[in-house]
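Should a chain be cited, it is by its letter among A, B, C, D, E and F, assigned in written order, with residues numbered from 1 in that chain.
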Amino acid sequence: MDKRTSITMSQTMMPTEANYAGNVHGGEIMKLMDRAAGAAARRYARSNVVTARVDEMQFLYPIFVGAFVICTATVAYVGNTSMEVIVTVDVEDLESEDPPVRALSAFFTMVALDKMGKPKKLPPLSPETEEEKRLFEEGRQRRLARQAK
Amino acid sequence: MDKRTSITMSQTMMPTEANYAGNVHGGEIMKLMDRAAGAAARRYARSNVVTARVDEMQFLYPIFVGAFVICTATVAYVGNTSMEVIVTVDVEDLESEDPPVRALSAFFTMVALDKMGKPKKLPPLSPETEEEKRLFEEGRQRRLARQAK
Amino acid sequence: MDKRTSITMSQTMMPTEANYAGNVHGGEIMKLMDRAAGAAARRYARSNVVTARVDEMQFLYPIFVGAFVICTATVAYVGNTSMEVIVTVDVEDLESEDPPVRALSAFFTMVALDKMGKPKKLPPLSPETEEEKRLFEEGRQRRLARQAK
Amino acid sequence: MDKRTSITMSQTMMPTEANYAGNVHGGEIMKLMDRAAGAAARRYARSNVVTARVDEMQFLYPIFVGAFVICTATVAYVGNTSMEVIVTVDVEDLESEDPPVRALSAFFTMVALDKMGKPKKLPPLSPETEEEKRLFEEGRQRRLARQAK
Amino acid sequence: MDKRTSITMSQTMMPTEANYAGNVHGGEIMKLMDRAAGAAARRYARSNVVTARVDEMQFLYPIFVGAFVICTATVAYVGNTSMEVIVTVDVEDLESEDPPVRALSAFFTMVALDKMGKPKKLPPLSPETEEEKRLFEEGRQRRLARQAK
Amino acid sequence: MDKRTSITMSQTMMPTEANYAGNVHGGEIMKLMDRAAGAAARRYARSNVVTARVDEMQFLYPIFVGAFVICTATVAYVGNTSMEVIVTVDVEDLESEDPPVRALSAFFTMVALDKMGKPKKLPPLSPETEEEKRLFEEGRQRRLARQAK
């Protein structure tokens, strides 16, 4: 698979992003995930992109102030002008020995835009490994299911 | 339906929330929607709440800097400890005569928490009008579909 | 009265807007009131606007983090190129049954600007109900009093 | 006059504080003025303070991104538990030879709070120079006029 | 070398972090570097840390809005209660094929704190590879040079 | 010495700029110092400037939320196209009688840019007092030492 399909963004969560109980707001994490999805899609498309859909965003583990957050975005399926980007968030307590824990996952659908702001044809994605082929096929199935609704 | 099930948040979008092309970032809108979903859920539950899932978030219309944005969150279905909140975003150009346009919609699943941070039993929702009953039944169906995955 | 003379902005107050005692800073509320005054004035003038004066801003009730704040701006009096906008802030504790409480009020004077940044003539405001006529006349009196200083 | 009655805050205005035309929002300047009024009042009272009123805030000169802004807050009149703080804003274009220009002025009424959050008795202010005596007397007159409304 | 000595933080630079010419402010990058140095030091010390010094911060290449920024912090030398952390920033234009370019580098000295906020003894660092040994020795030399001033 | 070589920026530190222990982040202070260095350099050069280096930034005293911070930037040495700006930060507890304490100091090297973004020749600095001559000569020595590395 093209090396440019995956990107990682990471940061320490600050108090400005949390409620009074110390929990980081869901909205702050969504914003980080959207940025990572946008960066991965921009790198694949080599152009500006916009978010078209977000599906099955699941909050699996709470995130607290001070946590180190690792957000990974991978272009898994590419259609004509839109891409499915799988975004995951893992969280690590830097002051402990515990390994990172999966905190969120979601599917972002991103559309590439040309200089005029119109949808732009994407280069095809050619999955190579078994894992890449499985992700691509699952992305294609999800897209068909969404269009059928 | 209980008057407290619906809440509206509105604001003018600022340049700090946009990219260099003047489009407001998807992540900024998601953050606003999460705040509105949280406020509606808190008012229904009379307690702290957290976001558990977001589904079928659709971006239907672009939002530009200076737009007036009206975000409405309605508690449509209530289970044992979780609620489905329907969140919509309408956008109005204050300097024109044009009516507001639907820009986004999504389903948020929120969980009520007690003082110890544990899920808390919710008061049942009793839909009264035909519209309320339809929304409740649809929310119940979506929930069953998500659990079946 | 023209439907477009009044606008409501609402939001939940975040920890980033408060001091260490949990009180939301006066400056944060002023900023919200200025945004609402600007949005109402922009909708009335159908053009860009700037703030020219603020008078009699009264803090009647403290606002705490987590409160739901409802800011309403109403164009009450319209002169040649400037408008008086009455701005009120009500605050609601979403986790209680208590009704909203009036927290602030103020009078904003806004000036409409044309594309060159020069003051622009405004369409006249024709108050219809007794209440609208009273607000208009009071606004006119306050304006005369300010000019006499 | 007590050396601690006056304080100056200054900063360069950033793009995040402006609209798309490069004008700094009135609300951002109000926030800066409120911070300066609060700092001067805290230094005078040696305690926490809250804003009670803002009067006659006048915008005399527009402020653009990149401007150097000098905000001065002076405790001019002290009553039993409240103070009148005169706040002015001057603006300087750092890349020109032009002297600073007065951009805003306003009167802030601040109340000192004790550890329990209750209004706290203030030490009396003893104006010494003619200028201080004039400011004190004018502040006293404005306070009487506000109470008479 | 202990796997926990190095950490990477990455993000896309936003318009809120730039001047009107599109250049990201030096101050914003310094803030990111300080966060990364703090995260690496916290992971090494398994405790809270504070910044004690920053030396030889060099700006080698300008950073523009929209750039993808990769900030790496490595604990290179460990003394009794302080660590030297080498921080580098590389910048990548996601819409081009160009490889990342080194934009900044600096040496941060961080001190570990115990629960009482007092300096805390650190576990010794045992460099293993030739490269690690070289970095360690250079850090020790720099520290001696700073103490000699 | 030219009156325009020195500038002071001051502000109250807000909770958004601190960690959960109430300490203001080093990165926030660096950002303030960079802004002050930039303002002094812009005023001297009467043009846009960029940060080229930061050296010997020392954290001498912790800064807490609510502190009044006074940041002073002085152009001490001027070369052909670059300047050395000495930046100090003093901190004052407004609710006490204690005098301000030196919290940080650093040397910033700033480069003036012309309208095309190219380095621009600076007017020479003519130190007059003994103190100014000492600062100038020390700045010149530091510059030579950096170039020799």
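By our rule, a contact is a pair of C-beta atoms (placed from the backbone, for glycine too) under 8 Å apart; a residue touches a chain by one contact, two chains touch by 3 or more.
Quick caveat: nothing in here was measured; it's all calculated off a predicted structure.
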{"item": "Farthest chain (mean CA position) relative to subunit B", "value": "F"}
{"item": "Copy pair subunit B, subunit C: interface residue numbering same or different (half cut)", "value": "same"}
{"item": "Chain separated most widely from subunit A, comparing mean CA positions", "value": "D"}
{"item": "Length of the line joining the C-alpha centres of subunit E and subunit F, rounded to whole Å", "value": "21"}
{"item": "Approximate Å spacing (C-alpha centroids) for the pair subunit A, subunit F", "value": "40"}
{"item": "Rounded Å distance between subunit B and subunit F, as computed from the means of their C-alpha atoms", "value": "46"}
{"item": "In subunit D, residues with contacts to at least two other chains", "value": "15-16, 19, 35, 38, 48"}
{"item": "Subunit B contact footprint on subunit A (complex, rising order)", "value": "19, 21, 23, 25-28, 30-35, 38, 48, 50-59, 62, 106, 117"}
{"item": "Parts of subunit F lying in touch with subunit D, wherever the complex brings them together", "value": "7-12, 35, 38-39, 42-43, 46-48, 68, 94-97"}
